[in-house]
Each structure stands twice: as structure tokens, then as C-alpha cells.
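Both complexes shown next keep subunit A, but they swap its partner, so subunit B is in the first and subunit C is in the second.
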Partner chain A sequence: MAEGRALYVGLKLLDRQLVDRDDKACGKVDDLELEFSADSGNLYVSAILAGPGILAYRMRRRRWGRWWQRVNEVMSPTDGDPARIPMSLVAGIDDHVTLGTQGGHLGSMSLDHWVREHVTSHIPGSGHEAE
Partner chain B sequence: MRLSELLHEPVFDADARPIGRVHDVRLVQDGPLQGLAGAAFRVDALVVGRAGLGTRLGFHRHDMRGPWPLKLLFERLARKAHYVEWKDVAAWDDGRVSLRVRVDDLARLPDSP
Partner chain C sequence: MKKVFEVFLGILTAIGGFVDIGDLVANSETGARFRMNLAWVVVVGVVGIVLYAEMSGRVAAVSKRAVFDLVRERLGPGVGLANLIASFFINFLTMTAEIAGVAIAVSLVVSVSYIYLLPVAGFFVWFVIWRIPFGAMEKLFGLLGLALLMFVVTVWKLGPDWNSVLHAVSHPHIPTDETPFTYAYYGIALFGAAMTPYEVFFFSSGAVEEKWSAKDLMVERANVFIGFPLGGLLSLSIMLGATLVFAPRHIEVGQLSQVALPTAFVVGKLGLAALLLGIFAATFGAALETALSAGYTVAQYFGWQWGKHVRPDDSPRFHLVIIMSVLAGVLFAISGVDPVKVTEYSIVLSAAALPLTYFPILVIANDPDYVGEHVNGRFTNFLGFVYLVILVLVAVATIPLMIITKGGA
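Here is the complex of A and B:
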């Protein structure tokens, strides 16, 4: 069997822009979740991790990273780990990572939503389009 | 588990000799079908040692031709990097990666097209 596409994580995946199906930027690839297959024993990438605290955790600021992730979980309207984007939602990996879903509901955007809802929207004139 | 928990982990060969830290991970897309992008990405190999820095910068690729002093430098460094196939990993726990092979039996970093 021919070998599948190969890539080095540090060069081709980490820190790449996440783009949703509407071509809107929705975070960066901060880390990857790995999972052992019970059948083959191989180690597979099961999800992309993106959002507040993930990069800090990767950069060895583990306590700070966990704290930020907990804050993100509390702020997120969705159940489960908001930073987790299953690989089944990834439509393509090129110069950027394209998702086959809308990015607005992703946990990587929860801080943006919170700031928009609680801070930006209260600034006079914030409801107007930019000229 | 996370990739970041594997990156920078110290690696020891079958004789418990330290050979460096994990600097990059090679994935191959040949796993079971996972969704829109096709097959799942499997962890195929680890790039171990600081000499593997060139892979993070793309200097291992054939189409990366310059600047030539850097290309030359990273190609020479890459000869000192260790390329550990995942099948040679005996255990990954307690903040270390243990191999089932000796450092002399490890392959060199392959060129990437």
C-alpha cells in the first residue's frame, strides 16, 4: 500500500490559521490531541486544540494554561471541552487548516464572543458599521 | 494526551542512554477514515535532538534551496539528528520516551520532497 501524505507537525500544522467553511479566521492550531487506537495500537491525531490557555500549556506554562482553559470552559455555551475541534471537522490542511463547519460556535472564539457581548457592544457607536 | 506533552520530552535508547529531546513529530495520513479530510493522521516518527531544528524551518525539503549558507548548516546539523520510528518506541510515560533500540541502530533524518 502506498504511503499516505506525510508532514512534520512543527512545520506544517502547529500555529497554522484555522479557517471555517465561510473563509472566516477562527483561531490557530495551538496543540493536537493524540489517541491510541485500541485495534492497531497506533497513535492517531484525534483533534485540534485551539483557544485560550492551550498555547500557554504548550509553552510549558501549564498552571496558567489550565486556569485559562477552565475560564474558557465556564464562558463557553457548549458542553464538553470547548477547545477541542475533532479531526472529523477538518476539511483540508494546506497553508491553513480549513474546517467544514462554521467557526462562530467554536471554543477558540469564545473569548471574542465574550468581549463583544460584555465590553465592545456597550461602547457608544459600536452598533454602527465601520466607514 | 497532547502533542505538547510529547514535544521536548527526553528520549533514552535501549541502553538507557539519553539521545536528546523530541523536536518534531512526523505524521502520515494513512489511518482509518476520519471525516471530511479523509484518513486519520498517524504518528509515524519523532525527530530527536537539537540538530532537528532544520525540519521545523523546512530546510530538509528538496525545494528549499536557500539561503545556501543556512541550507548547508542545517543539512550538516540534520546528519546529527536522530529519526525515531514510532514502532521503535517502547514506552512513553513519566516524562520520558524509552526506545527498544540502541542509538546506533536509529535511522538518519530522511530528505523530504
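Here is the complex of A and C:
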């Protein structure tokens, strides 16, 4: 495992804005996946969790979280765990978290695709900036 | 020279954009019922909005982050969510009232019941948000809103004895036919109208939309420090007009159209036409700001892409929230609710929710992680803290007063 940085994750990582490499907002750090390393005896952040239902789980609303995940599975089926962003994809952490990848495929963006496909793209002018 | 023009234009738009349906209704009502005895509240409210708008604008310009973007980060997801729900609901009431205001202003000209005009007003609000760029939208409605200066002309034509006006403003008392409770309740309404939270959501998000940076702080401060107090004077002229025309005749203000009566009375047809244009622009501009604020707050809490500076295709959820809000607001208004009552409740509940918006701003404006060297000075912090105490007292008193006075009856 690569050398880690020491951070107060509760203060400096949780609920921060996620921005992809094209500077597009793609959700917030809803929760974190921690891993215990037996070698150093430290806890490491192994992944950022962001996407449908994650925040509800963190706020101990398991039923809402599960319901919302189901809704999302029906609306935009994916395989695997779409809400998990491994730390290897993180390019930088300051007052927001920058990802070294495009955000389009992230679980936190699935509803975005659905709304675009079913609502906004049907309205004339959706593909242009206001001018 | 370009900078001077920019500052001047910014100040003009700030004046024209300061007044919305809350100020129109609250100032007319209180002028008619309390004469100038509540004028001091407008002054206190304007100082408050200047103080906190400057802070939120500075935070947004330096950190490129809007207020609600930071609410969840600083307050945590639970308190942040409660804040979002309360703010969204109150903003929704305000938006509904503004859209109704647009429809009423037009209905006075075209003589069609405003109910039929509501869907049209809602459609155009959405259309402007969908198609017109941010800067043009702001300037257009801010400048047209300057037609509200007809209120100042009205007062000038009424020709009050200025010494006695100044005396009344500086020696406030509770009128004999009112109770301390109704006096306090309408004071809170005026305060809520001056300090409406959406102005801060919108102002800070707008700073991000227009890509302000630390070097634009001069322009931002000129807008706030000069534009807002002049907007406050405009509010006071509405109150004074109502004091001079309604109070001696014991007329109570129960309809938006009455707001225009003093002008129609002393300035005549052309003046009335200009005033109606001003009311239209002010409510339309505020309808845009509140509808956008609905999208801003939700998108910023959840971290979605937001803003008019990107294509709707790149911010579909932001636009969906706006579309649904405007639609729901139009339906709510069509259901036959009294627009003046909706306005009253929106400003009073705004007052009750003020600490939710202003506390996080005060915290963040002191955090060098976000604003670097541009943290609050001592004087700003002292004032900010005094105001926070006032806001909490107002918040605690609002609901009991609402019950005791039966909504200001």
C-alpha cells in the first residue's frame, strides 16, 4: 500500500465536493470505506463512497437508503458497486476532492443520466449554454 | 473607466433588485397601520443584509463556493438537511408569491384575472432561466426595477413635512389602536422582508456564476454598501407613501394592487404605468432569483453540477428541481391562496429561519481555509455577532407572536 497522508477525515474529507478531471461537480463524499492495515496498525481510507442511498445509510436511515438504491437500480441498471470510488482515482484533496477520471460513469451520476435522457434533453435548447 | 461603469451599473441593478414582493407588501401594510413607527426596523434590516451579503459575496468570490455548498460541509449532513428542507420550503413560498406578483402586475394592465396569467408568468420565469444568460438577466430586471423610483416621486409629490417625518421615525411608539404583539409581529415581517435568506443564496451563487474572484471584491462591496442602502430608502418611501395616503383614511392594505394606489392618486396615469412596470420587473426578477435558489440550494447540498453557466444537459438535476418548483408554485397559486397572505407568511417564516442561513456564513467568513487573508475584521465580527443574537431572538419570538396575533390580524 502506498504511503498515506494523515488527515482528520471527518473534517477534511467527509461531505466535501467531488469534482472530476473536467471540473464537473459529481456529488459529495457521502461516506468513506476504511481498511485496517496489519503492518502499520493504522486505518487507511480505501475508497470514497458517493451515490444513491449512501448518505441515508450514513445517517442511519437504512430503509430509505435501500429503497432509494432499488429505485436507482430499476432506473439505471449497472453491475457491481457503482458508488465506490477507490482512492487510486483521487487526484487531489484540498477544499474539494478532485478525481483523475471523468465523472460520467460514477454511481453518483446515474440519476443525472436518467433526468437528462427522460426530461431535459427533450426540451429545445438543452444542448446550448444560455445565450 | 470601464471599471467605473461596471460599479455604477452594479449599484443601479442592486437598487432596482433590492425590492421584491415582500418589501412591497410589508412596507405598504406597516405604513398604513403603524405610520412611520416601524421605519427603524427597515434600517436595522438593511444594515443586517449589507453585513451578511458582503460576507457571503466575499466567501463566494474568494473560495468560489456558494453558501449552501458549505452548509453541509460545516454543519454536517443531518443539520444541513434540516436546514435545506426549511430553507427550500420558505423559498418556495416566496417564489409562489413573486410569481403571483408578476401575474397581478400584468393583470392590472390587461384586465384579465391574474389566475389565468399565472401559468404564463410561470412559463416565462422558467424560459428566462433556461435561455437567457445570467449577466443579461440580472441587469435587465435590475434596471427595469428602477421604475420603482416612482415611489420616491410619489412621496415627493405628496410633499410631507420632513421635520415631522424625521421626528416620527426617530421617536417611534406603538399606535394606540395596536398592541405590543402586533407591533412586534409586523416589525418581524419587515425585518424578514429586508433580510430574506434567498438573497444570500442567490447573491453568493451569482458570484460563482459570474466567476468573481478576489479582485472583484471592490465591485461587490460597492454593490452592497451603496446599492442596498439606497434600496432600503426605496422601501422606506413605499412605507411613507402608505403612511401619508392610507393611514389618515384608515385604509388597510389587503391586496397587492393597493400598493400602487398612492402613486395613481398623486402622479397620475403615466406614473402608474411606470410603477406597474417597476412592480412587474421587481417581482419577475425576484421570481427568477427564488426559482434559481430552489435549484442552487438542493444541487449544492447534494453536490450536483449547477448553474446557468453550463449547458442544461450538463446540469439536468438542477434544472429539474427548478422546473418542478415553478410548476408546483404555479399550481399552489392557482389553487386560490391569497397572494398577500402567502407573502406575509413567507417573510415572517423567513425571519424565523434567518439563523440557519446566517450562522454558517459567519463561521465560514472567519475560516482562513476558505477565505485566506480575506477573513472578517474585528468590527465585522462584532457586528456579525450582535446580529446573530438579534436573529436568534427574532427566531424564538416569531412563532409565538404568530399564534398570539393570529397572523397579524
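Going forward, the second predicted complex is superposed on the first by the 104 of 131 C-alpha atoms of A that agree within 3 Å, B and C clash if a C-alpha of one lies under 4 Å from a C-alpha of the other, contacts with A are read in each partner's own complex, and residues count from 1 in each chain.
Note that a residue touches a chain if its C-beta (ideal position, glycine included) is under 8 Å from a C-beta of that chain, and two chains touch if they have at least 3 such contacts.
A quick note: this is a predicted structure, and the numbers were derived from the prediction, not measured.
**Q** Which partner does A:V119 reach: the first (subunit B), the second (subunit C), both, or neither?
**A** Touch status of A:V119: second partner only.
**Q** Looking at the overlay, does A:R58 come into contact with subunit B only (first), subunit C only (second), both, or neither?
**A** Both partners, subunit B and subunit C.
**Q** May I ask you to decide whether A:H105 touches subunit B, subunit C, both, or neither, giving the answer as first, second, both or neither?
**A** Touch partners of A:H105: none, neither subunit B nor subunit C.
**Q** May I ask you to decide whether A:G27 touches subunit B, subunit C, both, or neither, giving the answer as first, second, both or neither?
**A** Second partner only.
**Q** Tell me the contact category for A:Q17 with respect to subunit B and subunit C: first, second, both or neither.
**A** In the superposed model, A:Q17 contacts subunit C only, not subunit B.
**Q** Residue overlap on subunit A between the subunit B contact set and the subunit C contact set?
**A** 58
**Q** Spell out the part of subunit B that touches subunit A in their complex, as residue ranges.
**A** Subunit B reaches subunit A through residues 1-4, 6-8, 23-32, 34-37, 39-44, 47, 55-58, 60, 86, 112.
**Q** Okay, in this complex, where on subunit A does subunit C touch?
**A** 15-18, 24-28, 30, 50, 55, 58-59, 95, 108, 111-112, 115-116, 119-121, 123, 125-131
**Q** Using the touch definition up top, name the residues of subunit C that touch subunit A in the complex.
**A** 63, 65, 69, 72-73, 76-78, 80-81, 130-134, 299, 302-306, 308-314, 316-317, 319-320, 323, 369-370
**Q** Could you please specify the touching residues of subunit A with respect to subunit B in the complex?
**A** Interface residues on subunit A, with respect to subunit B: 1, 3-11, 13-14, 31-35, 37, 42-46, 49, 57-58, 60, 86-93, 100.
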